[in-house]
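Scrolling down, you'll hit the structures one after another.
Shared between the two complexes below is subunit A, which pairs with subunit B and subunit C, respectively.
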Partner chain A sequence: MTEYVVRRLLYGVLIVGLVTVFVFLVLRLIPGDVVRLQLANAPGVGEAQIDELTAALGLDQPLHAQLVTFLGDALHGDFGTSFQSQEPVTSLVAERLPITLQLGAMAILIGILAGVPLGLLSAVRHNSWLDQGMRLVSVAGISIPNFWLGLLLVTYLALYFGWSPPLVYQGPGQDLESNLLHMILPALALGASTMASIARMLRSSLLEVLHSNFIRAVRAKGAPETLVIFKHGVRNSVVPVFTLLGLQIGNILGGTVILESIFGIPGMGMLIFEAVQMRDYPVVLGCVVVYGAVFVLINLVVDLLYGVIDPRIRYARR
Partner chain B sequence: MVQPNSRGFAAGTREPLLRVDDLHVEFDTPRGTVEAVGGISFEVDPDQTVAVVGESGSGKSVTALAILRLLEGGWISGGQVHWDGQDLVTADATAMRRVRGDDIAMIFQDPMTSLDPLYPIGNQIVEAIRLHRRISRRAARERAIELLEQVGIPDPRARVRSYPHQLSGGQRQRVMIAIALACSPRLLIADEPTTALDVTIEAQVLELIRELQREYHTALLLVTHDMGVVAEMADWVVVFYAGQVVEQGPAARVLGAPRHPYTEALLSAVPTPATDKALPLTVIDGAVPGLADMPPGCRFRARCAHAWQRCTDEPPLFELGEGRQSRCWLREGSEMDGAPVLPAADLSPAAGREVS
Partner chain C sequence: MSELGIPPAGNAAGRRLRGTWRGLRRFVRTQPLGAIALLLITTFVFAALFAPVLAPYDPIEQNREHLQGAPDGRFWMGTDDLGRDILSRVLYGARTSLLVSVATVAAGGALGTVIGIVSGYFGGSWIDTALQRVMDTIMAIPGLVLLLFVAALLGPSVLNTIIALSLLVVPSFNRVARGEMLRVREELYIEAARANGCGLWRILGRHGLPNLLAPMLVVLSLVFAIVMIAESALSFLGIGTPPPIPSWGRMLSEGSRYLEIAPWMVVFPGGVLTIAVLAFNLLGDALRDFFDPKQLR
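After this line comes the complex of A and B, so read on.
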């Protein structure tokens, strides 16, 4: 078990490392030069100043040398400083990460709280109008892009109810109500597809379980339907739902980038969005590492939960 | 309304424990509605062992499941199941729940998939007890350990914590038996309880069932393919063919002198030590007709060595005395004195109506 966790963490580090290298290289392929972007508004800049700044940022070195320097520093926990604000990347990310985690957690919570009862109901009452309706809604939920749903939500709420989220972001410690009001729409937009996928997965997996032999045997004992469904049905159908949840984390993290920018939430999503625009390489890379680490860690937790649910799963060496 | 019981040994005074009366079961299939069970009637007396035999697809499992209303995708389209003064076919869900597991318990064909993989076996036995008995968790657990010991699981005190995947097939079936006996049911329905097990284990499990049946005074409805098992365990045998009873009677009599060509064929298909091993195994030629295209007349006609022109009419169940019945025109006229030609439903108020 411990061995399994350690091995998974090592794999995780490797994966995040590879992704970081990949992003490092891709960033340089995007046209646009960080130095020229920074100096664009300063009048009368000469080539000398440009060269000077380029050298100061270390960008005059050959690419592979830059990569080696970056990786060496990163392994020591030093991700450099922002080209833009000159702040250390680590402190920038530390400041923004909790906001994104809150948004992601709210989205997942919405997905679970709405998706689980929906999936349950439509499995138990399958082929009823409720089930048909749920299937329709979930196809919509899965296929509508989350940013578009976010925009729709803002527009319609403003148009028909005259309500719009607060303009200035407040931390949950400052003004919890305003914070939640600000977060709720992007969380809904992000959680919609999670909800739909969970509902669909739980429905099909529960339907299959409810037709299995041991469920019939439980009924033959004289068990009431509630016991059949909740004790034996749901627990047996939850493993594929967990797998799905692990994958949904990726969608949700990706979704934060654009939704935070739309809703003016100063989390990591907004940070990386702006950093890409300004070619602020250290910040982008710092964010990528953290996004990757969060994804890897959550999926590890999900995999460990399998073992809690299903006694047959043992984390043997594979 | 109770008609005299024509079974010799039941003497007509004792009510049977279970009386299945003209039971019909239908299924929806892509090819339309089919009748998998077409008017089955039989009885089980207290403490008695009734064997249900017949080829694959003859409706044995469907009948067993229909008694406890555990059918999936199918429904009971007619008939009654008399139990304890009520008709289980029309009983409400609560009444049904009280009967299941407490009065009538069931063991299934495949022990590998009949236990919930996510709970320790102790938990699943305790559940069976506490669904019907108001006793503490601790007392139920002690009882579970006792039951495990009775069904021959070694070291039961440690084994209660085992998960199903940690047990062998034979052990799992023993656990299923423990669950079935948890509330001392008056009837145990066992649907081919040993087909999934290998031969040595099969004998042990059957012996166990027989022992516990005596100890718990449980009647047994045993579905099986195996005529040897019938000979060894059954008091009464009901032979199914294509969703109908084609013959029934006291086991010794039916096995000794079958009165239906199908039973005859079934018996000759059983290899005995005397069978010449050089000859190919006897099998009954042909297959059970599909439910969707059942021919008119006798359903066994196409495979029967004795078929004649009479067989294009559907034969009724002829009464042969002592409760013996045969659905074959060859028995016409050989009915016992005083026993009128009656269809299967001879014990029901609807007696005299031909089952078609």
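After this line comes the complex of A and C, so read on.
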């Protein structure tokens, strides 16, 4: 077990490292001189100043040397300073990350709380009208673009109920109620597809388990139906749902970019979106790496949870 | 070859075509939802191809006297903030969406499939490991973040959108192709081909690939759905299809400023997008059930 955890952790570090290298290379291969872009707005800069800034940013070094310097700094948690605000990227990210994590966590929570009962009911009442309705809802749920759903929620809540989310974002420490009211619509929009995917996966997985021989044996010994479903059924059908959840995290993290910009939530999504528009490369790079690291880390946790849910899974080397 | 009693190629092609036709009929009969999806997709392609004929107005013509008009008999889906007919823009937007999706799926699908079958055929070797590390790296970046990053650096254009989206879908094709190839490479006919002295590309192309077609068709359909949403998301963020080319994502972002005054600006383009995505998802599900050997019993 320990060996497995260590091995998975090292692999995660490797992937995050590769993400960093990938992002770095793509940034450098893109046409357009960073320094000239930076100085484009400042009038009356001469070639001397351009050279000076190039040297200060280390951009006159060969590519592989830049990469080594960059990776070394990144290992120390230093992703450089923002071109725009002159603040260290690390502190910018540290400020914004919790907001995005809160949004993501709320979306996942909504997805689980709504998706699990739906999938469960659907499998237990297999082929009933409820099951058919649920299948329709869930395939629609995975098809609705989350940003469109977000826009519809805002529009129709305002038109029919006269309710709209707070205009200015407040942190959970400042005003928890306002914060939650601000977050609930984007979280719902993000969570809808997670709900639908969980319901679909749990339904098909539970159906397969409920038709297996050991469930027949449990029923034959006279176990009450609730015990059959919850103790024997659900427990054995939840592993694929967890795998799916790990993959859904990627959708949710990606979705935060667009929903944060719709709802004016100052999280990582907003940060990277603004940085991309301003060509603020250090911030873009830091954000992509952190997004990747969060995704890899969550999937690692999901992998480790398999063993808790299903003790039959042994982490032996394949 | 003909002395061995093997019919000439033209005949074989005809037979294959008839086989496809028969398969399609069986698909429509056994998968009613899939048939509906196929009908919707045909309508979508038809609308995209014949947009200039079907559209009642010019999609960029501005009717100054009819700004943000609600849907009525003249403008079925209403008009936008510049007085442009939304129905016409939705029809032309279907063209953009279709063009980008087809190009993306073709480019990303081809690359992902080649990487997948090569990787699967050499499963466990250093080639496989190296290729899969690259795929894992791309997959470790959340989809929209990757798109935002690549598309924004390249600049907003249709071609750059296609490049960014292709990069996003390569791992999906790779995963399925590799998984299937790991299974297929153990088959006797692959060993026979190898024993006959077939070259690598002939083994992969003629003996491997045709046997992966069923699962690849399923991924193709599901990836189409993903690409259509992603293209709209990029255009929504203003880094996808540049104006004045009508695109659903851009229509949504323009409409998002007038949510309470003119909700139809958002409702119709998004609704059509959702239906198109739904159709591809349903088709993918139906194809999976159709090809599933368990269902044949």
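Please note the rule applied: the second predicted complex is superposed on the first by the 275 of 318 C-alpha atoms of A that agree within 3 Å, B and C clash if a C-alpha of one lies under 4 Å from a C-alpha of the other, contacts with A are read in each partner's own complex, and residues count from 1 in each chain.
We take it that a residue touches a chain if its C-beta (ideal position, glycine included) is under 8 Å from a C-beta of that chain, and two chains touch if they have at least 3 such contacts.
Please read all numbers here as calculations on a predicted model, not as lab measurements.
Engineer: Once subunit A from each complex is brought into register, does subunit C clash with subunit B or fit beside it?
Structural biologist: With subunit A as the common anchor, subunit B and subunit C both fit in the superposed model.
Engineer: Just to be sure I read the superposition right, which of the two partners does A:23 touch: subunit B = first, subunit C = second, or both, or neither?
Structural biologist: second
Engineer: Pick one for A:254: touches subunit B only (first), subunit C only (second), both, or neither.
Structural biologist: Touch partner of A:254: subunit C, not subunit B.
Engineer: Check whether A:287 is in contact with subunit B, with subunit C, with both or with neither, and answer first, second, both or neither.
Structural biologist: After superposing on A, A:287 lies in contact with subunit C but is clear of subunit B.
Engineer: Check the residue A:142 against both partner chains and state whether it touches subunit B (first), subunit C (second), both, or neither.
Structural biologist: The answer is second: A:142 touches subunit C but not subunit B.
Engineer: Looking at subunit A, does subunit B or subunit C touch a larger number of its residues?
Structural biologist: The larger set of subunit A residues in touch belongs to C.
Engineer: So in the superposed three-chain picture, is A:125 touching just subunit B, just subunit C, both, or none of them (first/second/both/neither)?
Structural biologist: neither
Engineer: Between subunit B and subunit C, what opening angle does the Cα centre of subunit A see in the overlaid model, nearest 10 degrees?
Structural biologist: Once the two structures are overlaid, it is 80 degrees.
Engineer: Mind working out whether A:311 is in touch with subunit B, subunit C, both or neither, as first, second, both or neither?
Structural biologist: In the superposition, A:311 touches subunit B alone.
Engineer: In the overlaid three-chain picture, find the nearest pair of C-alpha atoms across subunit B and subunit C and give that distance in Å.
Structural biologist: Once the two complexes are overlaid, subunit B and subunit C approach no closer than 10 Å between C-alpha atoms.
Engineer: Please give the residue numbers of subunit A that touch subunit B in the complex, ascending.
Structural biologist: Listed in rising order, the residues of subunit A that touch subunit B are 211-214, 216-224, 227, 232, 235-236, 309-312.
Engineer: Touching subunit C in the complex: which residues of subunit A?
Structural biologist: Counting only subunit A, the residues touching subunit C are 14-16, 18-19, 22-23, 26-27, 30, 139-140, 142-145, 147-148, 151-152, 154-156, 158-159, 249-251, 253-255, 257-258, 261-262, 272-273, 276-277, 284, 287-288, 291-292, 295-296.
Engineer: Under the stated contact criterion, what part of subunit B meets subunit A in this complex?
Structural biologist: The contact residues of subunit B facing subunit A are 65, 68, 70, 72, 97-102, 105-106, 108, 110, 113-119, 127-128, 131-132, 163, 165, 176, 179.
Engineer: Touching residues of subunit C toward subunit A in the complex: what are they?
Structural biologist: 133-134, 136-150, 152-154, 225, 229, 232-233, 236-237, 239, 252, 255-256, 259-260, 263, 266-267, 270, 273-274, 277-278, 281-282, 285
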